[in-house]
């Protein structure tokens, strides 16, 4: 049984200060939950930049390549047809479909990657500790798991940053 | 926090805290819908059903029930198709291109505009399908392995359209829904009954607002915007290829792609204005969709409208400059022939009337903007009508010259798509948040009157 | 952020060393020209066409910058305020382009078939109401009169704000920019018809004006990038940070794609329609300028598209400026392809010492004028209401 300690702020600037304060004390923050993306929080938490753009790039590359090669194959090997006297391999004609498939596959591969990576999806049940997080609470969550401090010490540290309503629960994991 | 110049107009009026923003935006979803909503939905649904019945009638009796003939094979149906696709351009333009240009005002209107985009594209997609006469023929536009080993014609702009419209619909849907996830989470947490909580949790994909999720979400939104921006351009470009790849004077002109895109954004914004000016009153969102927002949209209208105007004149000039007899005739016939009335409606509504928006007073006048937006909607419909019908009705062979008049079946189908559009829109405003909650909150500190500590000035309160 | 946290820009001093370098560059260009005329005795049309090409390129850099500035002003954007003076000063070079155009005037008959009316063909005869010398000259003068007026008037508004800030400054700047954009929207197309499209007198394309505009815009963005990087590097404007470069990089990336979009729109429609009157334009280029035709697409689209895709690429000054140089050369090639096949013909057109050397003269002239104007005002518009915003933002 590992304890989880959490409290909230109602102003994102207080949250940012608290994050820095906790980090200065060497306390690791398990999670921060906010109603909207807080500017500067990524840097404060030292989150690595997301790899999603790369997923989109690879997805787009696959989509575009497959799209182009399929068209080329259809018109040179599959069933070459003469349309208005144009050459069978008329690349300008293939640009629109290639482009659309690039965008389609890039967008969806990234969307799906986002959901998988974040463990979100239809039927996913979140561990919500405070329903106001989606309203105006900026919540900091500390865990015993990755800190050497005891539960009470964590509560004290969080309360010292000015967090409101600091609570603790025993989580399964 | 980033510095904001004091000369900027606040984007959120009133003393709105984060909590107020949540409350105001979630209110329409939580409240019991009023009478007016049921009346609106009822009328839309009836019109939609009439439209569907007429689609059934067309399919049962064939395209002969329409007014199209051998000379003018594309009548209202394709006009409506292009018009609806055009309407569907504002949403993704607002959420993608304006995101890339860091225009913060887009946050208040992007959600509704994107929903509009999706509904409009759905309406648009109906027309080519019906126009095939037999719905199962729609199956043949997809490249699937079959026993005849025959594939679709990748050389045809009509097929490009299939890919473009499908991709546009799907990517817009993805973009819209990914943006909705956090807001649906907000609604879930505001719901009192368990089953509603469960439904909204399902819809919100279990959103919990974790910083790491936000970071990925932001990064994804930016890349999606980067992908959607050229996509917006490509869709109407490819629609314009339907015409411009042919060799028909009035259709075959190189300016078509960018000019169609500009026209699409122009008409899309007009539709957004028409709807949002009503919605902001009906749903009590005046503090979020302010006169400033309307002014910004009006600026886009005047920019895109003027681009369209320049394109009209360029076309006209080039027809003369080309020295080609047929080109010259096609444009003479547009402006002075039997369909001249349509041409001049188009010119008046699209080129002349938006020029009034150079006056700041008119840009900020909601009643005027509302009327003007309807004018533009009409004008842009006529633009497509002019392009489709007047270019076709007098072809190279004078013995095949003809005129075209729609039948009541075509009119009813067109009206039916309005029914479909508004039915979906009415449902949307009661089920989903009309304003992108999280995005509005994220700009609140830099742009809300409360945080900026600005008193409400007398002259900025609106007159209606 | 407060104003004092923004690194101060150092008032620029146009040093002697720099002048010497510009002088050398100009001399290289002149030598190339003299070599072409007297030693190599190149065909007259090739020489005149090169003068015309470089005059246009010279003009485009200033005009594109002026457009960039005004359109950003109208969009109420802020990021560009820190580098606004660069764009302003570039815009001021516009009137000097007249000189370079006029130098090429004696050669107009080599460039434009429609100028020598004695043997006009049937198609050109239909166009004489537009393509005739007096009207052409009237248009020439009015374009320059309008552009020059706006370049100097906007600059005046901007500089005046440094000394006596007024409340109506933004309003005035915006309304003037609005007028300029309206005029630019029309003149950018018509001037492209006058100066470029009518070289291939029979040929016509409605998109042509916008296509030329997009190329001009990209070319001038790359020059803005180069100047910004240099000013940052030599500590003239330490206020330029990687966010500004990132945004400039995005513009270069985005509008290179936009240019390619217009290119392919025009090409694809003409290719697909397959009407001989129209295809002749591309047939000439694909058949006889084959290499350049493909180089054009690669250098102006594929290269910046791939090279600028990542975030890091747009923020790395050196990397970004290398791309900017390549794209700038690319748009020189694009203009070359627009002019040479019609004006010189493939038998006589070539890329030799003249084509490579001459641009240095124009570049030096451009930079000289730019620096002279840049020196005259403060390097940043400190009193601009959005000035602090311009230093205090981040690209996600």
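Read from first to last, the chains carry the letters A, B and C; within each, the first residue is number 1.
The rule we apply is simple: a contact is a pair of C-beta atoms (placed from the backbone, for glycine too) under 8 Å apart; a residue touches a chain by one contact, two chains touch by 3 or more.
As the structure is a prediction and not an experimental result, all values here were calculated from the model.
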| item | value |
| --- | --- |
| Identity of the chain that, by mean CA position, is farthest from chain C | A |
| Central chain (distance from its CA mean to the mean of all protein CA atoms) | B |
| Chain centre separation (chain B, chain C; CA means) in Å | 34 |
| Computed distance of Cα centres, chain C from chain A, in Å | 41 |
| Geometric centre distance via CA averages, chain B-chain A, whole Å | 29 |
| Residue numbers of chain C (touch at least two other chains) | 268, 272, 274, 394 |
| Chain B, residues touching no fewer than two other chains | 2, 157, 218-219, 230, 241 |
| Touching two or more other chains - residue numbers and ranges from chain A | 39, 84, 93 |
| Chain B - residues contacting chain C, complex | 2-8, 100-103, 157, 218-219, 222, 229-230, 233, 237, 241, 244-247, 252-258, 299, 306-307, 310-311, 314-315, 318, 321-324, 358 |
| Residues of chain C touching chain A in the complex | 264, 267-268, 271-272, 274, 309, 394 |
| In the complex, chain A residues that touch chain C | 39, 57, 84-85, 92-93, 95 |
| Chain A-touching residues of chain B, taken from the complex the two chains share | 1-2, 17-19, 22, 143, 149-151, 153-157, 159-160, 163-164, 166-167, 170-171, 174-175, 178, 181-182, 185-186, 188-190, 201-202, 205-220, 223-224, 227-228, 230-231, 234, 238, 241, 437-439, 441-442, 445 |
| Residues of chain A defined as touching chain B within the complex | 10, 12-13, 31-42, 45, 47, 49-50, 52-53, 56, 60, 70-71, 74-75, 78-79, 81, 83-84, 86, 90, 93-94, 96-97, 99-101, 103-104, 106-108, 110-111, 114-115, 117-128, 131-136, 139 |
